[in-house]
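The two complexes that follow have subunit A in common; it is paired with subunit B in the first and with subunit C in the second.
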Partner chain A sequence: MPREIVTGNHAAGLALSMAGEANRFARGTAAGIYPITPQTEIVERVAAFPFSKGRVVPVESEHSAMGVTIGASLSGARAFTASSSNGLAYMVENIMVAGFYRLPVVMVAVNRTLGPPWNIWADQGDTLMLRDFPWIQLYAQDNQQVADLTLLAFRLAEDPRVLLPVLVCMDAFIVSHTQMETELPTQEQVDRYLPPLDLPHRMRSDDPKTLGGLVWPDATVSLRKEIHEAFDRVPMVFEECRQEFRDVFGRSPAGAVEAYHTKNAETVLVATATIATTALEVVRSRRAAGERVGLLILRMLRPFPIDQLLEACASASRIGVLDRDYAAGIGGVWAHEIRAALQGTRDDLLVQGYLTGIGGGDVTAERIDEVLVDLGQRELPGPPVWVGLEDPAPVPAAPPPKAPLVPPVPSGVEATP
Partner chain B sequence: MVEIRIHGRGGQGGVTLAKLIATARFLTGHSVQAFGLYAAERSGAPIQAFCRFSPEAITDRNLIYEPDHVVILDPTLVGPGVTRGLKPGGWILVNTELPAEAVAEQFPHNRVAVVDATAIALENRLGTRSVPIVNTALAGAVARILEIPLDDVLAGMEHLGFGGGNVTAARSAFQAVAIRDAISPDAEPESARPGPAGRGASFLEGAGGERPAIQTGSWATSQPKRQQYVPPCNHICPAGNDVQGFLHALARDEVDEALGILLRTTPFPSVCGRVCPAPCMQQCNRSELDEAVNVRQLERLAGDVGRVVLERPEARSQRVAVVGSGPGGLSAGYHLARFGYGVTVYEGAPEVGGLLRTGIPDFRLPGKVLDREIERITDLGVQVVTDHRVDRRGLMELARAYDAVLVATGLQQLRDLRLGVGGSDMALQGIDFLDQVKHDQARLDGETVVVVGGGNTAMDAARSALRVGASEVRVVYRRTRHEMPAIAEEIEEALEEGVILHELVQPVSLQAEAQADGDTGSHGLQCIRMRLGEPDASGRRRPVEVEGSDFSLPCTRIILALGQSPDLSVFPEGAEVREGGDLLGLLEHPVFAVGDLATNDGTVAGAIGSGRRAALHIHQTFTGEVVETGDQARVRSDVDLWNDEVIRADALRMHLFERSPGQEGSSLDPRERLDGFREIHTGLPDTSEARRCLSCGVCNECDICVTYCPEGVLKRVGHQLVFDYAYCKGCGICVTECPRNVVFMSHL
Partner chain C sequence: MSTTELPVNGSAPRRDMPGEIPPLSCEPLLRPGNTNCGGCGMSIGLTWLGRALEDLEQKAHLAIPACCGAVTAGAFPTTSYAMPTVATTFAAAPAVASGLASIRDLNGSEEQVICWAGDGGTYDIGFATLSAAAERNENILYICYDNEIYGNTGGQRSSATPPGARTTTTPHGKSESKKDVMSIMAAHGIPYAATLSVGHPEDFRQKLHTALTTSGMRFLLMHSPCPTGWKSEPAESVQLVRLAVRSGLFPLFEVFGGQRYRINAEPDWADPTEYFRRQRRFRPEEVDLGTTRRWARERFQRLKVLAEAFPA
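And then the complex of A and B:
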């Protein structure tokens, strides 16, 4: 396996293309593509790939990019695309369709702040807004994980026990545009790892049918429940996919959850993506100083890995969750998910949310130290803490009372009491 | 771990330099990172790139705040910001042609290395001459200062596909680096870690607060600026009128303001609005799009409709005599009176106005229009003495009695043509005929008339002849219609009224046999046909006789309109009569020639301009004060660059203008016109024609630039265009969208 120095976008583009190429002996591959910063290099790389069987279709919008991808997948092709931020927002209607159609589509999303204000840097708010759609969501930490999880995503999505689309996410620029050493796959390895796709419900000219037409509520219920049960099987299948990855590529891809120093930890930090890398350094140095601090890195949002979470927090009394996202009126999405997951099982745990690196700001070791200091002093959880932002916003004045609207009485007419 | 921060400009290859260094280290087993600090930078904007390498796995995913070394790709970026957080003992590597010592003085606490990577890049043809790509040269220099084997860096370059000139550049720079130790090594590094953030500016704080946005103006390599050109109409106007200025005012429906602008240079807008040949219209850039703006009719509208009361200025002691009350003399008198000088105009004829009065028929210039404009001049205190012809001796007396004398007697010597009928009452001079017509002293009932000449006098005479009863009027001209000096519209109107034009015809003589008709008085005018030969000194093609082409035109009357020349009998023998010349310097007070007498220009507008220049000259003689250039009433708006050149159509963005035909204004039907001397034009109905002015080279506040500015950093404040350079990226869209070329890009 060649070891190279590439960006996260390069790794993603290559993994998507090789996965598509691996289906050349079946129905081939296709992608609807549309550029958006900081994802554009991915679709550029895909568009330049010399596919043996398949087509890359440049379209006029993200909505159509997913539309083409859905159509290609329905025809049995290995289909994928990539997008980011407001582009994902525009794509939403079709993102939902791909999930409810149970299509094994893979999308790489580069997490970029939703505007306005206009901002191109890292923030997970764009993919977290898709959390209630039937998509598996994975969050990579570095270029290697981008390459590995993208390949794994196809294997997972196409497993007949799953048949759900997968979203592979990475931080804008910190991963997407940073050159790092990365083990790149060979086509031969990818061919072995991703067998030809045989989509059970694909469209066939010899057996025409309509998918997703009008149904009664009872049919809708059973389709929804099937999705829920498929999600239930994902952790198990995910682990199988990792094992097969090891067999083919000779190294272990990142897991859905990774726990560091959580045994006997009193305090556990929860982090995702690149923030987790820095957080691990802080936790290691605190451990070295004798503090009982652990770190839980989450890489899967859907399905939410509740069991691993409970296991990692077994000895803990307080959890600090680092969110690089903001859900309006709530705070961090990950903190909210964790609170919901622990509800009724670990009501003793203090869960405090921290908003860090919103809009792509650096989350330095000093910032994470501030979080741990705050967390250590807490008796009770409070509203989300805006880390690194001290001044409160001014409170706008309440509007002046308005006179009630009274319809004018025409002159010369007595108002009736 | 080694951390390097790179400062460069977009296009220089800073991010790739980070990757080159990272790759060189990656190939020797290091863990590496290379990345840029991205926003929406474009070519030329300051950028930062970062490189980390370490034998251990790298866990830091943040920017580099405390670099071990700093590399500066562009010497213009050398400044205090580049050392922020730089660790003691770190290198500062600068691409510059300066010696290391010069750079070391700016960074006393650090080791300094310099290399002229730009020269090396140019030598190796890397990038373009304007944006050389310096990264591979600097990669060689980095190898040298960080003691990375050059072969490792070259291997990294090869791994990334860089060869040829890039390799040579890296080798050259490796050799050429000059280094200098820190002058005072032990200094605390400038803190670079971000502290707690203060609250940023809010969307809700309104226009008063700072906008919550990156100050993108630092990315610009060029900035839009405002400029102004000279519009061709203003440049060509013989009267020196601010043509574009009064059109602007009319376009805003400010008729009084338009008149005020005209009255700065001319006392005769209503007159010129009727009789001017309007060279401004011939030069109008709009004719490249559809048709010239009808400036003549718009000037008439301003003169006829506008209302301006001129203040009488404070009186000055000097008194000036003007000889002649034609447009030149009256213009000089008007401008002198506006300075406050006492002016007396002497006119030989019983009425004021010179040729305006006697030489232009009422159907083109009604007497009452002239009266009104002359009244404006006399209201300023100008005295007019009529029936007072000044001879040579009289001129000397005036030069004694007044502080200055202006002679504006025009062109009174009429050119003749020897046809063998001199002295016979068959042949009339056009000017005399027009004067007789004015005084109801001419009837040509049933006559056949031949007018000789191609100027306005010829046209006026021909058209007047039709109105006093002539049954047939022919105009013979020795060149073609195209070369006729008469206003094109007047030729057109004459033809509409029934005048017959014979082009390329030269009269030779009146034939004797024609006299045999006896009682009828009819003659045969012998003519010869001409063709156009080589251009003469005036640029017009010289007419050449076509041999054997003689023919005869029957006629009972010949009107000669062959042009006039100055009558110099009033001046001492040998006097050089020219504009600005002080004719009688030996006398007590200066005497100047003005108008056609001095310029032989032959237009009312030219005479007005000459009179104005004379007035300014006299004022300068009296007071030493220079009021204006004297040529044009140029109005400078507040721009960054004043271009003294005339803007032509090729400098305008014609495709951005909509086509719309010009308005001619209404006029009488040709059949109605011949019944008397009623004015045939009735003028424009409103000011809308003025809105066709393209405003060549001068901002007319159309605000297209403001509309198209994608950053919203271009505003209009009052009459000013204001660029917010803090945010302007220099995209240049305002320049390409300005139809009239008043915004240009200025390189920083």
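And then the complex of A and C:
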């Protein structure tokens, strides 16, 4: 397996293209593509790939990029695309369709701040906005994980027990534009890992089905429940896909969840993507100093890995969740998810949310130290903590009271109803 | 109901005598039990589309955006469409069709990929998608059944709604003109663009045949009577659209490669008064007949100049 120094985008573009190429002995491959910083290099690489049986369609919008991808998938092709931030927001309607049509498409998303005001730096608010759609969501920490999880995503999505689209996410610039030594697959390996796709419900001339006509509530309930049951099977199938990955590529791809030093930890930090990499350094040095601190890295948002979360927090009394995203009026999405997952089972756990690196700010070891100091001092959980915000915005003054429209009733006089 | 006769058979040259219609040997594209209103232009258009496909021994996959045509199918697990059909989002039909057609072509299959879309999905929300598919010259057939209104949502204006027409969002009559989508589509230089009227069956058939035997992007604009939206009598649907052709309101023509023009029916400039009177979406006092007729003549004149200078 060649080792090369590549960017995260390069790794993603290559993995997507090679996965598509691997379907050349079946119905081929297609991608609808549209550029947006910092994802553009991915679609440029896809556009330049010499497919034996594939077509890349450079469309006029993200909505259509997913539209083409849906059409190609409905025709039985291995179909994929990539996007980011406002591109994902523009695509939303068709993202939903790919899920509801149970199409095994793969999309790589580079997590970028939603605008305006325009900000191209890392923030997971864009993909977390999609959390309630029928898409499996994976979050990579580095370039190697981008390459591996992208390939794995196709295998997972296309498994007949799953048939759900998969989103593979990476941090803007920190991964997308940063070069790292990465083990890249050979086409022969990808061919072995991804067998020809035979989509059971593809459109066929000899089978005049109508997809997506009207449904009554009872049929809608059944369809939703089927999606739920498919999600229930994902953790098991994901582990099988990892095992098969080891067999073909000779090394282990990242898991859905990874726990470090959580065995007897009193305090557990929860982090995703590149923040997790920095958090691991902090936790390691604290452990070396004898502190009972652990780290849980989450790489799967949907389905939410509740069992592994409970296991990792078994000995803990407090956990701090590092969110690089902000849900208006709520705080961090991951913290919210974790609170919901623990409720009723671990009500004794103190769960505190920390908003770190929103809009792409650096999350340094010092910042994570601050989080641990705050967490250690807490008796009760509080509202989300805006880590590193030096000057809180002044609270706008309340408007002056308006003169009452109706003069107040003088005391002692009964108001008529 | 007025007792005035609609001028049915005018002197417009007829290319529309169907002769003997042989029975269909296959299942009709549009099965009985569909949800179309009585007198809906879609029912005729889809039937003739099915027949043209049968004549040419072709199969098709349909991509239908949100519109009455998506509802036509009826409710799961039954469907009125006898061909593989996918419902797309409102703006996405040409994009989804591009994906379907790409994989069809990669696999050397022959089936047509056909978008069947309303004027809302064509002139309005799906316009960027359609324009992009035309610019890429995707190998798809796009048919817009233009009922000049958002039928599915209960009758709101679209940019295809003609001036003066009352809709629920133009309660005092639309003050803007109808978008000239044919000129815009022709300006993309696509291989074939043509208008269709369900009042002219033979012309309709010939143009479907041309479209189905041309490759690349093909655009057909069908004037589609809609008794529910037009507030007209279902039984008069066909006569109404015929009168629209005769009076020059809806010219029948073809554009090849965006360059060469052919006019298919010469209007006899019949008085369109009844066209407006028989549709209660119009108030006779609000339709400026003089301006309308002048506009229709000028537009036809322009088409004629093009057809003479650049004949097909």
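Basically, the second predicted complex is superposed on the first by the 399 of 417 C-alpha atoms of A that agree within 3 Å, B and C clash if a C-alpha of one lies under 4 Å from a C-alpha of the other, contacts with A are read in each partner's own complex, and residues count from 1 in each chain.
Just so it is clear, a residue touches a chain if its C-beta (ideal position, glycine included) is under 8 Å from a C-beta of that chain, and two chains touch if they have at least 3 such contacts.
Source: prediction; values computed, not measured.
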| field | Clash or fit (per the criteria above) of subunit B with subunit C on subunit A | value | fit
| request: Kindly classify A:A89 by the partners it touches after superposition: subunit B alone (first), subunit C alone (second), both, or neither? | output: neither
| said: In the overlaid three-chain picture, which partner chain does A:G212 touch, first (subunit B) or second (subunit C), both, or neither? | reply: second
| message | According to the stated criteria, A:T274 is in contact with first (subunit B), second (subunit C), both, or neither; which is it? | response | first
| query | What is the contact status of A:I5 with respect to subunit B (first) and subunit C (second): first, second, both, or neither? | reply | first
| remark: Chosen between subunit B and subunit C, the partner touching more subunit A residues is C
| task | Based on the superposed arrangement, let me know which partner A:A79 touches: subunit B (first), subunit C (second), both, or neither? | result | second
| Touching A:L349, do we find subunit B (first), subunit C (second), both, or neither? | neither
| message | Considering the aligned complexes, could you tell me the closest Cα pair distance between subunit B and subunit C in angstrom? | response | 23
| Which parts of subunit A are in contact with subunit B and also with subunit C? | none
| field | Touch list for subunit A against partner subunit C, complex | value | 27-28, 30, 32, 53-55, 57-61, 63-77, 79, 93-94, 97, 203-205, 207-216, 219
| request: Could you pull out which subunit B residues touch subunit A in their complex? | output: 18-19, 22-23, 26, 31-36, 38-40, 58-63, 65, 193-194, 196-199, 202-204, 212-213
| Which residues of subunit A touch subunit B in the complex? | 5, 38, 117, 120, 171, 173-174, 177-181, 274-275, 277-278, 280-281, 361-364, 366, 388-393, 396
| message | Could you list, by residue number, the parts of subunit C that touch subunit A in their complex? | response | 59, 61, 63, 70-71, 73-77, 79, 81-89, 91-92, 94-107, 109, 111, 128-129, 131-132, 136
